[in-house]
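The two complexes that follow have chain A in common; it is paired with chain B in the first and with chain C in the second.
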Partner chain A sequence: MTAQPIYGLMAQFDTPTDLVHAAKAAYDDGYRKMDTYTPYPLEEAAEAIGVHHNRVPLVCLVGAMLGMIGGYSLEYWVSAISYPLNVGGKPFHSWPAFIPVTFECAVLGASLAVVFGMLALNGLPQPYHPVFNVPSFTGATTDKFFLCIESQDPRFSIGETKRFLEGQHPLEVAEVPY
Partner chain B sequence: MSAAGLRISPQDYAPPPAIGRMGRNSLVVGVVAWVALVVCAFIFPHGWLLFLRSWLCAFLFWLGMTLGSLVLLMLQYTSGGNWGRVGRRFWEAAASLTPLMFLCWIPIAIWMKELYPWAAMPHDQAVKELGQKAIIYLTTFGFWFRGIIYFLGWYGLYLFLRRWSDREEAGVTTPAQFVRVQNVSGAGIVFYAATITFASIDWAMSLDPQWWSTVWGMIFMVGEVLTAFCFTIWLVVKLAPIEPISKMFKIDYLHDFGKLMFAFVILWAYVSFSQWLIIWSGNELLEIRWYVMRLRDGWQYIGTSLIFVHFCFPFALLLSRSLKRQGKRIVKIALLLLVMRFIDLFWFTAPSFYGESFQAKFGGTDVAMYVLAPIALGGIWLWAFFFQLSKRSLMPVNDPHFVEMLEAKHG
Partner chain C sequence: MPRIEEEIDVLPPQGVRPPLIGPGQTLRTVTDRIGGVVLEKHTPVFWLLVVALCVALFGMLNTAIAYLLGKGVGIWGVNIPVGWGFAIVNFVWWIGIGHAGTLISAILLLFKQGWRTSINRFAEAMTIFAVMQAGLFPLLHTGRPWLAAYWLFPIPFTMGVWPQFRSPLIWDVFAVSTYFTVSFLFWGIGLIPDFATLRDSAKSLVVRRIYGMLAMGWRGSARHWNRFETAYMLLAGLATPLVLSVHSVVSLDFAVALVPGWHTTFFPPYFVAGAIYSGFAMVLMLAIPFRYLYGMQDYITLRHLQNCAKLMLATGLIVAYAYTLEMFIGWYSNEKNELALVHNRLHGPYSHYYFTLVFCNILFPQTLWLNKVRSTPWMLFIVSMVVQTGMWLERFVIVVLSLNRDFLPTNWGMYWFTKWDMMTLIGTMGFFTLLFFLFIRFMPPISIFEIRTLLPQSKVKE
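Showing the complex of A and B:
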């Protein structure tokens, strides 16, 4: 361990292809605790670092189910229990007529669940993150691609990890202080 | 793999011999089905009538394949996206078969009296029963005239896009010309929406001339594009593992097609359900009759199977992300949906011929004809399709964005 603990080592790349190659190499080398930072969503980079399955789809399904059940129950309660009206001689519990509202409520439930579930699972809002301590990290919002290997990784050692990252044709490799 | 400075030529994506083989296999299947179909048409009682009825259904199905591809071709020019570049040559080859579909339409037009009650009625009776419709719209001349206009328009759109595509292949296009292609494609989609609405009324809805539904054209549009997506997925799963497509193929393209197929399964359910909900709510004698006829005497089993097998089952499976990325699995859903597309058209058209008794009138001979007709037409269609596909490169390598497709994926 160094005297001053650091968050990790971050390499900066010029193209998405370089980043994906470096991320794949890092994964093959045994690194697991790492993350990529790109100006736009780059699915191949997420796959390269062995991104885990997340629980957003499950949250979405639960939201949709709740919306569906809620929408249908509301219609049933209104039309068949609370205020039954004879519409064109149809039964009070006319399920075909309830489908549009049920569908819309399922969509509403799913979208609310997905937005807030995604934010919660991502740990957002997050007012502080150590990678912003590297001055050149501002490039992550315009045209630079970053791979940060975190010091929490069991495979991490400052000398060896630095040599590894420098072998991946980065523009620079920077230490990320806490 | 940096593609900068590396020149890719159309020859690098020349069609593999597998395409010729697939074409020959289709032809063999088609010819065998044709022989069986013709034999059946001669030996069965009312064979000729059965042939025309099943032929109409087969024609509507393969027309969907052709026009759905034309729409996707125009759509990808207006929307952009890598999925469109992957599918472009397939859709060009499919849309080029519009003249073949015109030939298939001719017997329907010649023998329209056998199929369409309004055409068989004496003029006075037609006017009495159908009113203005029989004077200004449902006439023999109108049927021919409109049909020819539709086919000319569709083929004209294809020819315009194909000429541009050939020039691009030769490397002599400019960005300004591409804007024109985009504009024509946008207008072309509007033209398609209008013409398919009229065509679906002429060729399918007028089987029951007193009945009408305003979402009818939309159901056909959605069905045709869904057919084209299912077909594309089948092709992509077949061709992606072989050179040359394997050189550039990424599983994300299959995922994209899977997502779009999924969206169209939902859209199909949405428009089909809308039609039913509106007619069921209105409960008017003239309108509800069409559904009553289709929900009894055996027809209800087919109608119910549409809800579960055309929508619920594929919907539940296609929610899965990983399934959309596995060729072997998604192709099974695509093929199932193609079968359901045909059954949907069958359920829309056939009850008008058979009236209210499915069990009594729809026998083994009818089943045989309705199975053979789409295979016979399809074998010839696929043979012509693979022949068209084998004549050019399989990827638009001179598209300005093609080089990017060889890079790591961008968003």
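Showing the complex of A and C:
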């Protein structure tokens, strides 16, 4: 063991079932600061490490509201305040005619908020992350499943965590250097 | 040489559904096979040939546009009484084609239709490229696209006037630009995990760097997937009403006017059904050559083609109902201008357009009732081409046949399109195909991460 601080210990699994079993065992063992890495969304793995809800829907709602209010206010200001123009005798504030644009603006605001909110909450774009230092980690985007217990976890200790992970039938256990 | 694998499609017995994904696929083969289309060093010869042809057509489009900007819209056949002509026909046609992409990616996702997975990525790309072609036409139709910015968008400038928000034409600007943005975002976030796959599978350092930047550091973390999936579902939920609104608003461009044949309340659902009809025809026209040329029969199986064919048949019947209703209401209204429109369609100078349209959109697609047609790719391709032609004619009939003879016989006239109209239309087809071929060479044309979820070994066993 080197004295160099490490990011965590990473176990590699061959099947999603092994990964989910290991993640559940780690959670039951008291580990909290950990993450799984999979080539496709695996709901069971997220559940196993205690990830349930996220704030993307809230961001979406805020975006939709801003778009809606922005779109309608724009139409009102343009048609009734800045340059009131009598078109076919219709009222300056013709609210039913303003609904389609309001709707489109709400959808636009919500969609932009969803995408950029999701990326921001995920901390992307992120040019560097320690997990990429593990050579076999390229498998995480192909056909391998990873569980990384991070050194920030209070229960983490190199020797004991390594023994724990090795007991979960992994293909390999690797140290993740910073 | 292109890797043309032998056709593995066998006509399944009646009542048996072919599988969604070919036999013997694993997480690794899926990655290698689909990623291989992009990472393959040697560009297939057919790809080069198609791209060369499309670049030539793109050049023709640019020539037509340059001449248009120099001379003005007078080089097109538009005049009084038909002021809309090809520009609006092509606009509505292209934007309709895009709609099937959103239907596949968003609506079928919400309905948990697993078969959408193999075709959603390139259907979304099709949407984006089709909307790009559509957007060109109204812009060019203004004659001075560089001024169109403040005609279309509320941009503050010295004259202090604003767009007219009570008009469907301005709703259209917002609907189409929102549609383009949302389709692009939807497509873009779906690509992130696949870019990460390409980054990790690429051999060359340069390629790895490029896809690495596009992947933005995606690492497949459970927390990331969790937010990603929520975002994906939310976008699908947002895109669903959006796609219905887009063609509804396009139809209001017509329906709000008083012109006979346009002034009807059933235009929005009729236009949406027509859009999806032509969109599925385009999906099939792209999927059938693609799966054959790249040997993707394991991912885009007969089941996918059959399902598209069934949806095409269903929307085609809605369209047929709408045509019938149009004629019926024209007669039932007992209003002389409406009756004149019916007469103009059946016996007027453009009646051959109308009868060709009925053949292409109503009669010929009835062959889709036959299992043999739904299960034979080349037959489906022909039906799709006919439907695509029919849908273009439908927009021609709507635009031109209502304008050429309106209320006063003194206003009557004919519409003759010019070679510049034709060059612009064919040019956009080349531009569309060019974008599509660039897309399948540089981006994963099938969603790799979603295909993985279909495999039996991707499920967690208790």
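Brief remarks on what is shown
Note that in this section the second predicted complex is superposed on the first by the 166 of 178 C-alpha atoms of A that agree within 3 Å, B and C clash if a C-alpha of one lies under 4 Å from a C-alpha of the other, contacts with A are read in each partner's own complex, and residues count from 1 in each chain.
Methods note: a contact is a pair of C-beta atoms (placed from the backbone, for glycine too) under 8 Å apart; a residue touches a chain by one contact, two chains touch by 3 or more.
Note that this is a predicted model, so its numbers are computed, not measured.
If you put the two complexes together on chain A, you find that chain B and chain C bump into each other.
By the touch criterion stated above, A:41 is placed in contact with chain B and with chain C alike.
Look at A:57: by the touch rule set out above, it reaches both chain B and chain C. Of the two partner chains placed by the overlay, chain B and chain C both lie in contact with A:20.
Judged by the touch definition given at the top, the superposed model places A:142 against chain C, while chain B stays out of reach.
Within the superposed three-chain arrangement, the count of touched residues of chain A is higher for C, of the candidates chain B and chain C. In the superposition on chain A, A:100 makes contact with both chain B and chain C. The clash between chain B and chain C in the superposition falls on 183-191, which is one of the stretches 21-29, 183-191 or 219-227. 15-17, 20, 40-45, 57, 88, 90, 97, 100 are the residues of chain A that lie in the contact sets of both chain B and chain C, per the superposition on chain A. Listing the residues of chain A that touch chain C in their complex gives 15-17, 20, 35-46, 49, 51, 54, 56-57, 60, 71, 74-75, 78-79, 82-83, 85, 87-88, 90, 94, 97-98, 100-101, 103-105, 107-108, 110-112, 114-115, 117-119, 121-122, 124-129, 131-132, 137-143. Against chain A, in their complex, chain C makes its touches with residues 26-28, 31, 154, 160-166, 168, 170-171, 174-175, 178, 181-182, 185-186, 188-189, 192-193, 196-197, 199-201, 216-231, 234-235, 238-239, 241-242, 245, 249, 449-450, 452-453, 457-461. Interface of chain B with chain A (complex): residues 1-2, 252, 273, 276-277, 280-281, 283, 319, 321, 407-411.
Interface residues of chain A facing chain B in the complex, by the touch rule stated above, are 15-17, 19-20, 40-45, 57, 61, 88, 90, 96-97, 99-100.
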